[in-house]
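What follows is a set of structures to go through.
Across the two complexes that follow, chain A remains constant while its partner is chain B and subsequently chain C.
Here is the complex of A and B:
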């Protein structure tokens, strides 16, 4: 191959990826860099944003316990949501996988269908069911005399976790489902022929093999829950803020963009560290299952 | 006295009958092969013995006891799956130990038996490997050790060698036979490879479309095939249309210009089957012309066009001169080398 041709073929991949690369740089990297820079700017009620380099916002986040509490709440909700989806989603995927053809595709559709409906609509559904005295379920239970006052759901962390778990469930089910597809179809028969009962088969044979799927589903659900906006905004409102709703408020209500940028940047950095760290741990731990 | 007995076993999926009227008596220590083309119901039959499928009709007995009443986990059979179905998250030793663990064998004895089982299949020193880091042949051996370590009453093998390359397959065949001879476990092997069935088994069950075509020793099924299917499936064969002429005395079997005294009990149109290596060239016999002649080292392969249709002839390369392509020859064989069946539909 001539030098010119070699050069041409070396340039070709770049040329071919250029459009996507430009889009990536233009709509992701540049705004991201600008957000990070913004977090170091100053802001005042009357003077607006001043493009200077100070640590005021970061200092405020580090010292004001309000932010510590808010971040802790964000991650507590994300962790509980992840646990709930794993506890319900893994068995759900397993049962689904054991169904026969027709039922399997029907229930897969039932599980994935909600992905086609807006998160806002799905969360509003919960609000309609449990929202205060007028919530459908609350009304029903109260008229039946089962409860005296409405079940607290709106503006509670429990409510947020339940609604988020509902929204995130398909991701967990899909992830475990993918892991189940890689199981040898005869593996449970093999364990059974060696004398293992159903509980032992699940605990000793199936669980260890789908664990990578559960964990990667957990990473997806955790990062989506920690940065979720719509569900916490509707269920938590302005009383129970999480990182995403706080950043939103700073940007659009207080108009303190630099502080909002600092909150958003911190959330992003924390999430990247957690996701990359746990992914590395999982890959090391399950090297022999993945290979 | 039958050790394992299948009595008119049948299996239906919906309206499709996959195994029908399957009766077989297996003696203790015997090596049996289920041989047949893909989809003929071999795996289904094996899975009914294993208990993963319930027979629609019929009974399966082990030492006179009804096996179908026993849960698969309690049957104590050793099974090697076509995909091996090893536990990928466990080491070779943990895989083999699993069955012993389920039986509550104490730790010390367990370790000893696992070591012995892995050594028996030639995998000493591989205890701590994970299956994904082993070759196909090694995985196959782990699967065999895992099935044998529990001292199963019957060993069931579902196409255990079909994923190995030809050379390794031959090695494993010899090894499998030696291991089975040494420990004397009653074994049922499922295969679609007639060479494998013939070189390993005491008896072969030839199956076609869910039915048994023939049960016999490898030699019997090869030399006295009970049906056209068996003779076609077990190696190459020549089928010639012939007639039995009862108007002359003594009665004669006539295939073209080849004739012999007729066997008893048959008359009218028949089919004569002769293996290619049993046919010789002579001055008289079935008139034929050699179409192609292929040299294959230790033997010659001739494709001929005879007066009763195409014929294949195999001659040992014994240094004698052989006829060339286009030459007119006469094919002959000894009457005891052929099998004669009534011709269907004639």
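Here is the complex of A and C:
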């Protein structure tokens, strides 16, 4: 290659990515930096936002137990949602994978399709199913004899976890499904020919191999649940606040933008640390699988 | 050996019913002839679909969503296609960092993006405008547009391009007549997936939309906050129908499994 051509090929990738890079710096990185700065500004009912540098908002979040309780609720809901999707989604992915061709693609479509359907519509469905004391879920549970009196689902954490788990389930199934595709079915056959029973095969052969899939699915589900807005807002109502709905209230109802920005910044930092940390852990633990 | 036992099939049946139930119940309630939320036990009625016509704000919001989705996905592709070609073909310093930056909107909670954009566009004097919505949506759909284009560009047969170059094609002609047609399925699917993402986004848009620029999910959300009645179920049923249509087209055109596989690992 001539020197001129070499220089051109060194410049080409930058010329091609420059527009997108400028877009991202201009309207993603700068607004994010502005939000972090906003969280250090002062705010008053009458004076509005004052561009000074103070730690008032951070101090309020650190000392007022209301915020500790709210963040704890946010992460509790996210953890329970993650557990529920893992416990139900992983076996379902395994069952799906053992189905024959046409059924497999049909049910995969049925389970993954909702991923692309409006979250508002899906949560509305749960609000209808839960709906008051004579919602369908309660009627079904009572006719099955599982419960005697109707359980409250609307405006409770239980209801939020169920609806969120439904919204997030496709991510878990997809992630475990991807791990199952890498699994060699001959290993299961080999284990069986050596006398292993179904339970042993699942515990000793399948589980260890799909674990990375379950864990990376768990990271996706956790981070999306911890920052979810539509489902907590509709099922949780106005009183049961999580981080995203609280930030929304501070911004659009109370108009205390600096405090809302501090809540959002804290959520972002916490999630990035958790996601990056657990990704690193998983990759170290399962280095051989990712190679 | 590779057969599911009866227990597995029972589990599977319950699982599928629970997955489908909320969506099904919305669509069923939408057909109720009653004036309140109920399953249509006394026959089906299109009453609540006709009622949508009396709520111009829903219809306006629908057009806003449609225009926003179509335009922002197109603009995202204008930026994403060259970037995807660069990332697919060249090994250069900063390549991984750039790719990570371009995919980062997947990792940043949409509530944070909504706040950041609200602050940014309000200071820029664009608060609540359609232009602000477009720019914000370009950022959130960019990763989807980039990913599918990148997959197409990586899997492309370079020898066709070399043949074109040897025949004297260069620059723009090469891109327009050879490269673009070859990556077009990926580009169109990227557009469709980006469109669905934009069309469905609530969390970020709810911060940016003002009366007049409210999208359909925002309008539905604000309506549900006040009361849940059969009207919002019929609107939801329409949204579900539109998404299903897009899904089926996407499946025919590109294969849904490939699209969803691209969407699946958002956290990584």
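Rule of thumb we're sticking to: the second predicted complex is superposed on the first by the 266 of 291 C-alpha atoms of A that agree within 3 Å, B and C clash if a C-alpha of one lies under 4 Å from a C-alpha of the other, contacts with A are read in each partner's own complex, and residues count from 1 in each chain.
By definition in this document, a contact is a pair of C-beta atoms (placed from the backbone, for glycine too) under 8 Å apart; a residue touches a chain by one contact, two chains touch by 3 or more.
What you see is a predicted model; the values in this text were computed from it and never measured.
Student: Return the chain, chain B or chain C, that is in touch with more residues of chain A.
Tutor: Between chain B and chain C, the winner on chain A residue contacts is C.
Student: A:209 in the overlay: touching chain B, chain C, both, or neither? Say first, second, both or neither.
Tutor: Touch partner of A:209: chain B, not chain C.
Student: Answer with first, second, both or neither: which of chain B and chain C does A:114 touch in the superposed model?
Tutor: second
Student: Between chain B (first) and chain C (second), which does A:87 come into contact with in this model arrangement: first, second, both, or neither?
Tutor: In the superposition, A:87 contacts neither chain B nor chain C.
Student: Examine A:52 and indicate which partner it touches, taking first as chain B and second as chain C; both and neither are also allowed.
Tutor: The answer is neither, since A:52 touches no partner chain.
Student: Quick one: is A:12 in contact with chain B, with chain C, with both, or with neither? Answer first, second, both or neither.
Tutor: Second partner only, chain C.
Student: Looking at A:267, would you say it contacts chain B, chain C, both, or neither? Reply first, second, both or neither.
Tutor: second
Student: Going by the contact rule set out at the top, does A:192 touch chain B (first), chain C (second), both, or neither?
Tutor: Both partners.
Student: Need the overlap of the two footprints on chain A, from chain B and from chain C, as residue ranges.
Tutor: 185, 189, 192
Student: Flag every residue of chain C that touches chain A in the complex, lowest number first.
Tutor: 1-5, 8-9, 11-12, 15-16, 18-26, 29, 37, 78-80, 82-83, 85-87, 89-90, 92, 95, 98, 101-102, 104-105, 107-112, 115-120, 123, 135-136, 138-139, 142, 196, 199-200, 202-203, 206-207, 217, 220-221, 224-225, 228, 232-233, 236, 239-240, 243-244, 246-247, 251, 256-257, 260-261, 263-268
Student: Under the definition above, what is the set of chain B residues touching chain A in their complex?
Tutor: Residues 50, 52, 72-79, 81-89, 98-99, 102-103, 130, 132-133, 146-147, 150.
Student: Which positions of chain A touch chain B when the two form their complex?
Tutor: The contact residues of chain A facing chain B are 184-187, 189-197, 200, 204-205, 208-209, 286, 288-289, 291.
Student: Can you list the chain A residues touching chain C in their complex?
Tutor: 9-10, 12-14, 16-17, 19-21, 23-24, 27-28, 30-32, 34-35, 38, 88, 91-92, 95-96, 98-99, 105, 107-129, 131, 136, 163, 166, 169-171, 174-175, 178, 185, 188-189, 192, 198, 216, 219-220, 223-224, 226-230, 233-234, 243-244, 247-248, 251-252, 257, 260-261, 264-265, 267-268, 271-272, 275, 279
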